[in-house]
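A, B, C and D are the chain letters, set down in written order, and residue numbers restart from 1 in every chain.
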Amino acid sequence: MRAFAMLKIGQTGWIEKERPGCGMLDAVVKPLALAPCTSDIHTVYEGALGQRHNLVLGHEAVGEIVEVGGEVKDFKAGDKVIVPAITPNWRTHAIEEGVPPQHSEGMLSGWKFSNIKDGVFSEFFHVNDADMNLALIPEGMTLPQAVMLPDMVTTGFHGVELAKVEFGSTVAVIGIGPVGLMCVAGAALRGAARLFAVGSRPLCAETARQYGATDIINYKNGDIVEQIMDATGGHGADHVIVAGGPSEVLEQAVRICKPGGVIGNVNYFGEGEFLRIPREAWGVGMSHKQINGGLTPGGRVRMERMAALVMHQRFDPGKLVTHTFHGLQHLEDGLELMHHKPADIIKPVILI
Amino acid sequence: MRAFAMLKIGQTGWIEKERPGCGMLDAVVKPLALAPCTSDIHTVYEGALGQRHNLVLGHEAVGEIVEVGGEVKDFKAGDKVIVPAITPNWRTHAIEEGVPPQHSEGMLSGWKFSNIKDGVFSEFFHVNDADMNLALIPEGMTLPQAVMLPDMVTTGFHGVELAKVEFGSTVAVIGIGPVGLMCVAGAALRGAARLFAVGSRPLCAETARQYGATDIINYKNGDIVEQIMDATGGHGADHVIVAGGPSEVLEQAVRICKPGGVIGNVNYFGEGEFLRIPREAWGVGMSHKQINGGLTPGGRVRMERMAALVMHQRFDPGKLVTHTFHGLQHLEDGLELMHHKPADIIKPVILI
Amino acid sequence: MRAFAMLKIGQTGWIEKERPGCGMLDAVVKPLALAPCTSDIHTVYEGALGQRHNLVLGHEAVGEIVEVGGEVKDFKAGDKVIVPAITPNWRTHAIEEGVPPQHSEGMLSGWKFSNIKDGVFSEFFHVNDADMNLALIPEGMTLPQAVMLPDMVTTGFHGVELAKVEFGSTVAVIGIGPVGLMCVAGAALRGAARLFAVGSRPLCAETARQYGATDIINYKNGDIVEQIMDATGGHGADHVIVAGGPSEVLEQAVRICKPGGVIGNVNYFGEGEFLRIPREAWGVGMSHKQINGGLTPGGRVRMERMAALVMHQRFDPGKLVTHTFHGLQHLEDGLELMHHKPADIIKPVILI
Amino acid sequence: MRAFAMLKIGQTGWIEKERPGCGMLDAVVKPLALAPCTSDIHTVYEGALGQRHNLVLGHEAVGEIVEVGGEVKDFKAGDKVIVPAITPNWRTHAIEEGVPPQHSEGMLSGWKFSNIKDGVFSEFFHVNDADMNLALIPEGMTLPQAVMLPDMVTTGFHGVELAKVEFGSTVAVIGIGPVGLMCVAGAALRGAARLFAVGSRPLCAETARQYGATDIINYKNGDIVEQIMDATGGHGADHVIVAGGPSEVLEQAVRICKPGGVIGNVNYFGEGEFLRIPREAWGVGMSHKQINGGLTPGGRVRMERMAALVMHQRFDPGKLVTHTFHGLQHLEDGLELMHHKPADIIKPVILI
């Protein structure tokens, strides 16, 4: 089968691979819609995961099941499914300990696609533990909406969960690419009142407003920390969500956050040996500014819940999709868009 | 001054009282808008708080400050303010213990108006600790919107907080009078997906849909527990909010709630020596169906946060107001509406 | 094989059953030590679970593995293991939802032994999902210590968890049978300061003091609610743990608990259609007295953690064991002791 | 009056100051026992708080009230009281927001003594809001025990709270000076099983064992991260408490902590512009290793709860006190001991 892969750091290309086999609990899926992600760019062009050879890229997919293992109970060939980017093994001692399933076999181990096994940019791909990890696409949901759920929506909403947004609180979202926009939508949907969206691209700013941002903060107008501190009369934000940017954004988050506030990070930091916490702004260690950072939950129930929000009209992730291609071969074009980010891009989708 | 009071159980009327004095930290306020509440009905006609003589009724008000004490820093005569129904004393040992401020001087002690002191249905009324308990009415907020904040909005939203609603979860709200409708609005605003609203009055049902309910459950169509269990394939609701009804609603809530789910009660149970938990449905004591019941938070910051939600267009409490009267003398008419509840009433407001 | 069973409500006896088979993930175990439980008494003599015929009794065991399924990785025949009373299935959608694993396939479904399958009072018994549910007996732990872990210790400690005991808080434990004594030990180990133990049997009272109780409250000296309210100057307990008694104990717990406090119930309520919450003491629904009731966690990690506490000398569950028998045939004697509770019994153990 | 002060960075000495006045809610106290703290060393010799002139040092005291303000209700001259290091103002909007009272008027604002006002190393000192911030010394408590409560005990225990220690979990405490030893005692008292204490001084190591440490980790035997990872079979600690050391300890804490674990910091980081989080060990931002750092709670109820733990024999803080001086003039000697830390010192106390 054909697959679009990272050949080595800095280089992508089409390769031939064998169609994956299917374990007793697993499924093989052919994609109906795919989306390239900034993470793919990190992986290929920054080598953020280290050297890889002929690793199939991609972790955002919805598809049609072509084969299920003998012990799969709830799914069958032909079912159209949402495939979460994070597909943990669920029957592990870490889960007994209360560790988030995302880390059930070690840190980040739930992130399998294009990380510890081949990704979804392929004619077929393998899904571990189908009953626990797949969710049916609800009737009436469009493919572009559906393919935003595996990563963009759930990751964005997890930022809101990590930051523990409360009714009427003031929230700042740093970074308004597609994940950050879902942080904005999620914060509004969780009851934020004033909602700062930090970003500079006009299309993203406009979309942030549509998703519920009340103030757009653009670094071109000055230091973002100062802008937010000024706008809040020196109070700072109750909750800060970090959804993109270089390692400096965590520093900014600590500065923006009020004492006793909460920082939720869903940004994948791609570079450097260390992130930095500003000592004084963190109260010389004693500010009670809680710092949470975590990989989005995955699995079936999570996808079903995200899908239920869409089907009950709580928000529409379809607004993220600015470009639509038809045909697997356009994966390359989609990835290029994420790489070079022209002004009119938020998120491309490839329909197959 | 004139005031509308509970003369004794079962009887209301206008009385003359002296204008209240003003302590060093306190304020005296004249009302701009008032709203009668079902709680007033409980107090007067069911004697739910016991016998009282010439107790001024009412705990939902916005008004204009006419006098402040010598140590009040943030407010002055002429300021237009939201007056929360719950006005705790904040400097107490209970708060040091982490007890909710609503109970800072004993259970329910934060609920002062028309409970442990005269209420707001009067030409003037007294507010303890103005700096900590009053909030300015934001520019652009209408009086009918504003007067929904002191009790209806904050109590409804507290039901959502007590029930710990999560993104994409299934929620049932039992009771869709004005507080229940704010539970519905709050649950939608907190990220509920499927949202059952249990009630039978057509206007309330229609308004519940506008506030985000996805399913209306009417007891006239059969047992509400069965209806919700059927609709969820036997799963039950993840979160149940009790916002009205006789003592039986708590039993129903336990039956509707899934194991490991959460019940949040903001209903004021007015009758009977006991509430009942169904033993088997509660897992013979071991179901992990958590039962929370609590008085709404009050105070200044709570009002400011509720107001901020309105000003940032997260929801509109004004839809609750079905009847508007002009003139203090119409308090009696408003209260009668809450007492007899004609089909077209949700909530009356008296503008002064 | 021989097994000691509930023949029908009110009648026990020895029966012959086939030795259980072993699924791919499972184990068959022969007991090394067994303990009868008050729950067995409820099941047999009160019919609390309904009618059953020839159901093997018992859910407290440590034993030696005699057979493991083909997919078991961490255990082999000959291993000496702690068998938790609660052995959930772990790979379920309920766990994805965040439901406690104890209810992973429906309410109380993790409680399998002598409830939904044969118990452990038998020459051999079956354990589902050995890798996830069994734990090795640590070297140096005695069998009587070890056999307290499957239910007594973990259930008692879960009461403390449900009641959310904090450093220096005042705790009341109602019921000081063996589970209640473990609530006492757990509360002391979790940082309670003043610790009321409510019970009347002198041996249990003395043992409660050894486990950390600071005050013994005996109903023979007057109403227990009044005694505790008096002893705390009307403040009540910050946390109340219910570990035994008839349905009235929940009422007492609500009365003893301060506003904003937490009640944790691990009592198995055996009778009556309803439990009762006193309306006024519960603040007419709004006291913020949280009511939690739950089945203990089970599974491997829980057993390992409880065992680690014993091995690191944090407490000694061996003090619970007042009677030791040798030989499976003495199960009957042990059960009789739990049934009739002579003055010198806390907990009997049968060594095999 | 005489007072021992920081004259400027690097220099201490005795000065004369006027005896402080007493506000309506306040008290003036003369010390009965004082303890110098490493924080005083930071303040004077590292200039960690910046330049100060003639600032009276010290924040650990118990004393006798000599004067109370006209509105103080619960205390009178002659009362012997515990004076918490942290004395917040309690009637603030931050507390309404749910911000920890320690930050009620801005970050770290609850820390007043020898920070934003004169400290306690003086013949007399001022305490704001006596009713809310002072606690009686319980009968039977020794002065050396009592004077460990204002900072050492409560700060150590707060580390345990921030790290969210659970029954049977594995905990690492980095730093075993007096605060770290109280982290050890607190972790044991909160239910830790295996308990690593990281430090190199033999007396502290021995005392850590007495307080419940099960393993001593000495950096002289190799990298502490490797030692703990090896000792836990690569699992890491469930909870890490940082109680001392240079800024590198936070990095080590992140490395030692398991994914999904919790880090609690009570260390006062005295130097450098930034603290550092190791990017990869923190899961490139997504490890769910929660980082909490906070100033200890203070105030009356906190002191009462800590005192109740001592009086109920849950632990004995008196073991910290290795040196006792008699007479205010020996403050200088005590401070020198904290500065140069000879092998036999844990904590000195000055009795007056």
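Keep in mind that, in the parts below, a residue touches a chain if its C-beta (ideal position, glycine included) is under 8 Å from a C-beta of that chain, and two chains touch if they have at least 3 such contacts.
Quick caveat, the model's predicted, so the values are computed rather than measured.
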{"item": "For chain A placed onto chain C, the superposition rotation in degrees, Cα atoms, nearest 5", "value": "180"}
{"item": "Selected pair, greater C-beta contact count between A-D and B-D", "value": "A-D"}
{"item": "Distance from chain D to chain B - Cα centre to Cα centre, in angstrom", "value": "42"}
{"item": "Mean-CA-position distance for chain D and chain A (Å)", "value": "41"}
{"item": "Interface hub residues of chain C, defined as touching at least two other chains", "value": "97, 302"}
{"item": "Overall pattern in which the protein chains touch one another (line/ring/star/complete/other)", "value": "complete"}
{"item": "Touching residues on chain D, where the partner in the complex is chain B", "value": "90-91, 93, 95-97, 101, 129, 132, 299-302"}
{"item": "Of all residues in chain A, those that touch chain B in their complex", "value": "157, 160-161, 167-170, 186, 188-195, 212, 214, 302, 304-306, 308-309, 311-312, 314"}
{"item": "Residue numbers on chain A that touch chain D, as the complex places them", "value": "48, 94, 97-100, 102-103, 106-108, 238, 242, 247, 250-251, 258-260, 265-280, 282-295"}
